[in-house]
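One chain, subunit A, links the two complexes that follow: it is found with subunit B in the first and with subunit C in the second.
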Partner chain A sequence: MAPEQIKNVILDILTDIAPDEDLTDLKDEVNFRDQLELDSMDFLDIVMELRKRYKVNVPEQDYPELASMFSTVNYLTPKMVDCVAS
Partner chain B sequence: MISYPKPDELPDSQRVVITGIGLTSPNGNTLGEFRESLLNGKSGVEDYEIRYFGKTIAGVCDFDVRKYQTRKDARRGTRAGSVGCYCVHEAINDSGIDWENTDRSRVGVYVGVTEHGNVETESEIHEIRGFDYDVKVWSHHHNPRTVANNPAGEVALNLGITGPHYTIGAACAAGNAGLIQGLQMLRLNECDLAIAGGVSESIHTFGIFAGFASQGALATHDDPTKASRPFDKNRNGIVVSEGGCLYTLERLSDAKARSAKIYGEIVGYAINTDATDFVLPNPERQSQCMNMALSRAHINAEDVDIVSTHATGTGMGDALECDAVRRVFGASEKTYVNNAKSFIGHTMGAAGALELAGNLVAFEDRVVHPTINVDDLDPECELPGLVKNEPREIEKIDYILNNSFGMLGINSATVIKRM
Partner chain C sequence: MSDNQPYDTIIIGAGMSGLAAGIRLAHYDQRVCILERHYTIGGLNSFYRVNGRNYDVGLHAVTNFTQKGTKKGPLARILRQLRFKYDDFALAPQKGSRIAFPDHELRFSNELDLLRSEVKKVFPGQVDNFEALVAKIADYDDLDQAAFEISGRQVLSDTISDPLLIEMILCPLMWYGNAAEHDMAWGQFCIMFRSIFLEGFARPYKGVRLILKHLVKRFRGLGGELKLRKGVKTIHVENEQAVCVELDNGEQLTGKRILSSAGRLETMRMCSDTSELDPRLAGQLTFIESISVLDREPSSIGNDDTIVFYNDSEKFHWERPADELCDTRTGVVCSPNNYVYADEEGQLADGVVRITTIADYDRWAGLSEEEYQREKLRWYDRSVAASVKYTPDFRPYVIDTDLFTPTTINRFTWHDNGAVYGSPDKVLDGRTHLNNLFLCGTDQGFVGIIGAMMSGISMANMHCLRG
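Showing the complex of A and B:
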């Protein structure tokens, strides 16, 4: 899966877990928490959805990698290279 | 035993009144809609389907979840939580309380539930089934959704209430039990405003349908609106329903100070236990419960104008409750008897609170709503004051006794007086 596709996956997950938020102007370099009302349970939702949808495992020590869209896509690109976009 | 003084001899600070009502029922999302349905024979029971169990019938609520919850909060929480959030806002709005200036640390939330957690547990097991039962996909939301205080906690979270909150697990007596808990906490000065009543999300668990079906106690009928038929010869079981009803309870002194509208005063209550069977009721204990509530209210059976029965439409349950009601009210010519489950099915944890609300309006309009679907009255359910199929207008209504019973032999009765 290419980085742009991974970004769409994350946007899709965010749409589910933060349904009241407008994601159209989400900035890639800015931390999610500075732009969206997300708490630790929401980040666990991202981890869970990646596991359910793509069998991608994000170990706890790597959670800080999910801070922004940029860091998340960077982190996931090697892990999701063999994943197929649904 | 603590003696119960006459309610009107208590100081106003020990008298507890109902000042607001918020509800959702399968046949109405406001007290006005609910009451209109009860007076016009409008059922809220419909065809329903749920995974594993398949096609059945149920009472389904259609309140607007988004009215008082964000999408995210509704997604993160439970259906019972959403029912509670809807009801509490409606109740506070109805009460006229100046919520912005209310000390949230002095508000208590007491929500009756029949069961809680089954919906989420079933959903999670269903979900992991798709992953070969890999528990690594078991949701981290499971525990906060299934803790027993969840519905009350969601209400508190939604409104920033920092006083005590908890649920009262009391099977199908829970609606009354929530009210009683609220009253007691006001009397103990644990809070200044009690949010009290009951909620149910039970139609979202297949287990409750399957359990009643296995027990031979789940209602079936070609016409869903005819399925819930307490006291009728052809009744064949319970219609499972969802719903909720929360009240604002205040001390009479506080209600008077803000010139609040008062629906009625809780002047008597009782909870006791059969201690005879897991499921089958005991009319002797039920009648003792009603008598205890009357005694605490310092009134006699003939003072009661309406008895709102618990009857769920099961063969034994209805007949045994009628036996109990006959023991207490058999000689009272002016007591009328009705049943709201015939309209909405059994709203479980909400039933006691919801069914009382449907009758409280009678203090104003002096109409006793009927029990519907009594096409062929079972002689075992013959009660002199039973109001069948059509509402009945009477001269005045001063007292309502509200029955609510549950499995494991829990019985409850509340007595409400017109102010």
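Showing the complex of A and C:
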């Protein structure tokens, strides 16, 4: 999966977790936490959705990598090369 | 056994907490089964139909109400965790509520500023102290078990110097979520203060059935199994592990882990390895609920309050009745018509006033059938008579009544003593003596509709979804 597709996957997950949230102005470099007020339960959900949908495992020590869209996509790109977009 | 494959998780109880936990687990593809002894869902917050009318068991107010778009707080969190839209619960906000003591009253609404201005008006010398209390509550950290346990009354008397204001603040908070008599843990106090004064009250026009309908539909849609009339009789334990559950009908089901919302003592009693149970763990606080259907809306007789918490003296008595079936010194008046329902929904079909009064389980359970029927009538009259000192007298307009008692609550939820807020001793981490049996719901620590759902979600996340 290419970085642009991974970004869409994350957007899809965020829409699923927070359906009332407007994601159109989401900035790639700014922390999710500062833009969306996600709490630790929501972060865990991003991890679990990745596991559920693409069997990608994010170990607990790597959670900080999921801070912003930019860092998340960077981190996931090597892990998701073989994943197929659904 | 119908199927040899064990469930990933077996959940005991289809109340708010069990259903919310079930949704989380089924969403993450677990094979999950909810076992419920009653023939319907909802537990302490179910619904029923008598004489052609729909009644809610427990719903006065959904607490923790925040406006659409609010991202913080338990309501927003639950919606995200369960993947619901804000509008799914169709919450209509309250009109306004009151704490009524002799010669003193404090009004409050979903805006803290109303309570602030009331404190200023009624207790002018306490304005700064009240703000200091609000600041302490803002600082309280939910996860700090040591801070949770300290005495709420102690913190209050260190902060507020007028004892009457302390009693008036405690009254609604204890009524809506305190399992212990007399005092309230500081952590529980903060949770309830936030849920009532900093957030607020709301109600779906269709009552609790709307919320339950969404929960069960979602759970089933995700492939979860819900089995009604399937009570768990025994949790079989081998080598310090729960290996299977045996149902009332003898059937056995195996699960890798069990999450129980039946209550702490009630769950321990099911375990095949427990011999001695500590009776002090049983909750003692339970209620009667006197429901009156009126031939008109409450507002037409001058009642515009959503909820009134009343108490007949300067000291608030939160305890099991000393020598009678009920104690009418304090109570709650709920008028479900007094919510701001959406225009397209209009007003409820009937005018309704619900009165909650503290009751004693043992005395109610000890009555013969004939005495029971007589006492129900007597205590309907007495509880209503006590309440109309604090709300316009609605008795001339009553066209139908219903009353349920602690024994009713026990009969349909199997909670010891019909205790509404469960054991006074909460298990915040949900752990038990077995490493694959966990508690959720009332006895884990979060009570109320929103609290119970939050409990189910967090226990499912913590114990059933990790690893």
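Basically, the second predicted complex is superposed on the first by the 86 of 86 C-alpha atoms of A that agree within 3 Å, B and C clash if a C-alpha of one lies under 4 Å from a C-alpha of the other, contacts with A are read in each partner's own complex, and residues count from 1 in each chain.
The definition used in the following text is that a contact is a pair of C-beta atoms (placed from the backbone, for glycine too) under 8 Å apart; a residue touches a chain by one contact, two chains touch by 3 or more.
Small disclaimer: the values here were computed from a predicted structure and weren't measured.
Of the two partner chains, subunit B and subunit C are each touched by A:Asp20. Legend: residue contacts after superposition of the two complexes on their common chain; A:Leu44 is shown touching both subunit B and subunit C. By the touch criterion defined above, A:Leu36 lies against subunit C but remains apart from subunit B after alignment on the C-alpha atoms of chain A. Look at A:Val84: by the touch rule set out above, it reaches neither subunit B nor subunit C. Once the two complexes are overlaid on chain A, the subunit A residues touched by subunit B in the first and by subunit C in the second are 16-20, 37, 41, 44-45, 48, 52.
Across the interface of their complex, subunit A is touched by residues 70-72, 75-76, 131, 136-137, 139-141 of subunit B. Residue ranges on subunit C touching subunit A, taken from their complex, read 28-29, 68-69, 71-72, 77, 79-81, 83, 85-86, 457-458, 461, 465.
Those residues of subunit A that touch subunit C in the shared complex are 16-21, 36-37, 39, 41-42, 44-45, 48, 52.
Against subunit B, in their complex, subunit A makes its touches with residues 16-20, 37, 41, 44-45, 48, 51-52.
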